[in-house]
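Structures incoming, each one as structure tokens.
After this come two complexes, each holding chain A, first together with chain B and then together with chain C.
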Partner chain A sequence: MFKYFEKYGCNLTFSTIVLVLAVMPVLFMLGILSGTSTLLFLGKCIAFAIVAIGLDLIWGYTGILSLGHGLYFALGGYAMAMYLKLQATGGNITDFMHIGGLTELPTIWRPFHTLPITFIMIVLVPSILAWIIGYFIFKTRVKGVYFSIISQALTWAACSIFIALSPYTNGNVGITEIKSIFGSIKGGANQGNLFFLFYMSLATLVGVYAFSRFLVSRKFGKLLVAIRDGENRTYFSGYPVSRYKNFIYVLSAAFAGIAGAIFVNFNGCITPSQMTISYSITMVIWVAVGGRGTIIGAVIGAFLINICEYNLSSGSTVEIWQYIIGAIFCLSILFFKGGLVGLAQEKVPLFMHKLAAKASKA
Partner chain B sequence: MDHFVTILFNGVSQSSIILLTSLGLAITFGLMHVINMAHGEFVMIGAYSTYVVQQIFVRYLPESIGSIYYFAAIPAAFLVAFFLGSLLEKFVISRLYGREIDSLLATWGISLILQQAARTIFGTQGVNVTAPAFLQGGFSIGNCTFSYNRLFIILLVVFCMIAIWFIMYKSRFGKQMRAVMQNRPMAMCMGINSRKIDNLTFAIGSGFAGIAGCSIALLGSIDSTVGQSYIVNAFMAVVLGGVGKLIGTVLGSGIIGMASIFTENYTSSTIAKAIVLLIVIIFLQKRPQGLFVIKSRNLD
Partner chain C sequence: MELLSEYILEINHISVCFDGFYALTDVTTKIKRNSIHFFIGPNGAGKTTLLDIICAKTKPTSGTVVFNPMYKEPITLTGMPEYEIVWNGIGRKFQVPSVFVNLTVEDNMVLSLSGGKRIVDSILRTPSDEQNEHINSLLKQVGLFEKKNFRAGALAHGEKQWLEIAMQLVQEPELIMLDEPAAGMGKPETFKSGEILKKIKKDCTIIVIEHDMDFVKQIADTVTVLHEGKILMEGSVESALADKTVQAVYLGRGKE
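And then the complex of A and B:
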């Protein structure tokens, strides 16, 4: 029984999380919980968990630390928001374009009239950008911290370009006043829409989790770990390392794009602040605290940190929260390299064996 | 011609600011291989120290000698950043040698804490430092105006460069430092206390960030995120120049500063910054190690 748990612990934990999330809307219908803000927040957490899984694939497994995943997250988010904004305006030119001096809809907005193309763009735009960046950077074998610094600079550059192009993107304000793809989700009358959106997002999370587990549980996953632990040795063994790295980088960018799209639906707006370096590093914090190198760790970290932030970063505790998150991050890097999951993997089997030994003695 | 001289002067000025912020990084990143994301916050600490020194002078000393506060502020900023840097090395960095990426992340956590501490102490509103009387205004030749505070920053950079050169190549400590960075076990065998050298090196790097903060205080208002706006350029300057070579950092910041001012001439400043960063990244495709490479046969 313990062996079973050791083998399938990750999947069991993930199933528990999904079950708890799935029960949430039911609790609302029964009237045990009230106010939709909790559900909106959990929806955002689902998006965060998806981007965290992507980050974990490249950082935890492959050892590429990207400090720029906020860029892909925001690109997916903007793609979704552009479609939703066009829905809200009936396909016409928006207010901020008027202010920016544009008289007709710019060409980059045109593909976002229809939903299927928007869905394609959500995945395609971040992937293509990631592929271009990855192709050039990995080809020259830039690695380790140099990659992190370059990705950070790229994100910064992209963010300032986005803000500067305000007639197209509405600058610092971002795209606001939008509904979700299933219509409005605010208020009691639209609860059905909210539930539907919530379950769709949850299904996406399950899909992303399953796909990632599928990838890392076979030879491909072993190769990623090999690249992390000894890149040159993997080269010498005859594997095209830069192609593997680029593939996993593009995949994680696509995950980030999908996550951004889900995030916009729940958040109701997207701003360039999701694109900043500090937001990108916040995502890394989730993975680091949850536990790098295990898919479940990323999910746990994303939920845990955000739930803490949600409850602590309002009112009088808002100041303390920054200290807490800084300290947690620092301590988990210093002392618990494997994060919470690493700690559990180390301690729980020991504890269980002790328990089993005691039981057999008695 | 006048226009060109003005651009050139702005370029040199911009480069000097970047260089001042990246000097400390060149020491911590280049020599110790510690990625100090909190470096920007040490710049901020230097800027706030300048503000505090000024407030003390305004309150307790007559107005006539008020403007000499700046000369007290520079060593004060250096010492505060030096002391905090030493503490940071002792409690955090010393556990992370050889783990570059982890040092990046841990210092990011520190930078969150420091930023919030600045907000708690000084409030979320930016504070302003009034430049001392002798640095206000400027002189002009023809149609070109050279402002005194920017000239002063250039002088300050030159002074810092000489100081670092002296510390590294002319002092006993510098010799020990280079020995430890080149071959730690052998240096330890020679009786050098490598822990102490590490600590001092990191503290000196942070101290120079403090001086950078002191000069940034002259240029605009100070708030808790002031360091963040300089850190990206500083990192790129170090990487472009080649990690581990101070001359590379000088050249790297010169290129980035000049290029951004020249492109700014044709577009807006944000677009210019983005373009320059892209150019640097493309350049790094050609020479992934930067301009100056330390040759080594090491693999992994």
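And then the complex of A and C:
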């Protein structure tokens, strides 16, 4: 029984999380919980968990610390928001474009008239950008902290561009006043839409999780760890390492794009603040606290940190919250390299053995 | 098709310059097929640099390395990415044992199997029964079969050496380069390695860098003595041991 838990612990934990989430809308219907804000918040957490899984693949498994995944998250988010905005305006030119001096819909907005193309763009735009960046960085064998710095700088540049191009992106304000893809999710009358959106997002999370677990359970996943632990040896075992790195980088960017799109649906707007460096680093903190290199750790970290933030960062604790999260990050890096999952993996077996020993004594 | 050349590797006029310092100067030598070829020499003689050049870890300033695989056209290795060199059948063991410490002994071997190096393959393919058997027999040969499911990082230094050698063998290379394979091994273990290498020689060619002269005497077919980036002499073990200059620059130091 204990061995079983060791082997399937991750999947069991994930199933539990999914079940708890799945029950949430039911609690609303039964009237046990009221107000849709909790559900909106949990929906955003689902998006965060998806981007965290991608980050875990690239950082936890492959050892490449990207401090710029906010960029891909925001790109997916903007792609979704552009479609939703066009739905809201009936396909016409938006107010901020008028103000920016445009007379007709810009070309880059045109593909976002239809949902299928939008879905493709959500995945494609972050992927292609990540591929181009990754191709040059990994081919020239830039690694370690240099990669992190470059990823950060690029995110910063992209953020500035999005603010500067305000006729196209509405600058600092971002794209606002949009509904979800299933229509309005605000208010009691639209509860059905909200529930549907929530379950679709949850299904996406399950899909992303299952796909990632599949990847890391194959030889591919072992190779990612091999690249992390001994890149040189991997080259001389005959693997085109830079291609592998680029593949996993693109995949994690695609996950981030999907996550951004889900986020926009629940959040009701997207702004360049989702593209900032601090936002990108927050994502890294989720993975670090939850536990690197486990997939489930990323999910736990994303939910836990955000739930804490949601409940603690109101009123007087708003200012302190940043310090708390910083301290948690430092502590987990210094003392619990494996994060919460690592801690559990280490302590639970010890505890179980003690229990077993006690039981046999009695 | 006939066998093209009795030499598997031709090193032609290789020079390497690191910021004005010549690590190797105009090194030319040939490696005979199915032989055990030793490179010996004092520290800093350029032995490891030479291996680095063969497997493309370092780019030479001038010169070429040509590989003559069995029943195939000669291949120029200089300028080829390192993983393609591995695909062509050249394996390399490093001086510092470099195994994947967070993977099990078995996984280390699975990753080293020849073929299936593309992304699609590593996602979709699993090792065949034949390959698994090959892994098991090699692990038995080097005495790591019982530790198959151990984390490679938990192995002793000597065992890591064994594992890395086994990882090279599982690729079934035509040419295998071992950088100080006996470091960290005791006398009996070193002797055992030698016997294993002698057995392997039938199927591949082995280049070894080693300081342990007993080990050299035990298995070497040809010895190349390097000194300050140049070839001092080349020949059989006996002739190398008898050579006055070799004694002066290298062997003499070890004698009391």
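Assume the second predicted complex is superposed on the first by the 362 of 362 C-alpha atoms of A that agree within 3 Å, B and C clash if a C-alpha of one lies under 4 Å from a C-alpha of the other, contacts with A are read in each partner's own complex, and residues count from 1 in each chain.
The criterion applied here is as follows: a residue touches a chain if its C-beta (ideal position, glycine included) is under 8 Å from a C-beta of that chain, and two chains touch if they have at least 3 such contacts.
Quantities reported herein were computed from a predicted structural model and do not represent experimental measurements.
Counting the residues of chain A touched by each of chain B and chain C gives the higher count for B.
After overlaying the two complexes on the shared chain, residue contacts for A:230 are found with chain B and with chain C alike.
Within the superposed three-chain model, A:220 lies in touch with chain C and out of touch with chain B [touch as defined at top].
By the touch criterion defined above, A:150 reaches chain B but does not reach chain C.
Contacts of A:140 after superposition on the shared chain: chain B is touched, whereas chain C is not. By the touch criterion stated above, A:281 is placed in contact with chain B alone, chain C being left untouched. On chain A, the surface patch touched by chain B in one complex and by chain C in the other comprises residues 230, 232-233.
By the touch criterion given at the top, residues 215, 218-220, 222-223, 225-226, 228-230, 232-241, 243-244, 247 of chain A touch chain C in their complex.
Those residues of chain A that touch chain B in the complex are listed here as 63, 65, 136, 139-142, 144-146, 148-150, 152-154, 156-158, 160-161, 163-164, 230-233, 277-278, 281, 284-285, 288, 319, 322-323, 325-331, 333-334, 337. Contact residues on chain B toward chain A in their complex (touch as defined above): 35, 92, 95-96, 100-102, 104-106, 108-113, 115-117, 119-120, 228, 232, 235-236, 239, 268, 270-271, 273-274, 277-278, 280-282, 284-285, 288, 299-300.
Contact residues on chain C toward chain A in their complex (touch as defined above): 55, 57, 81-83, 86-87, 91-92, 94, 98-103, 107, 110-112, 114, 116-119, 122-126, 167, 171.
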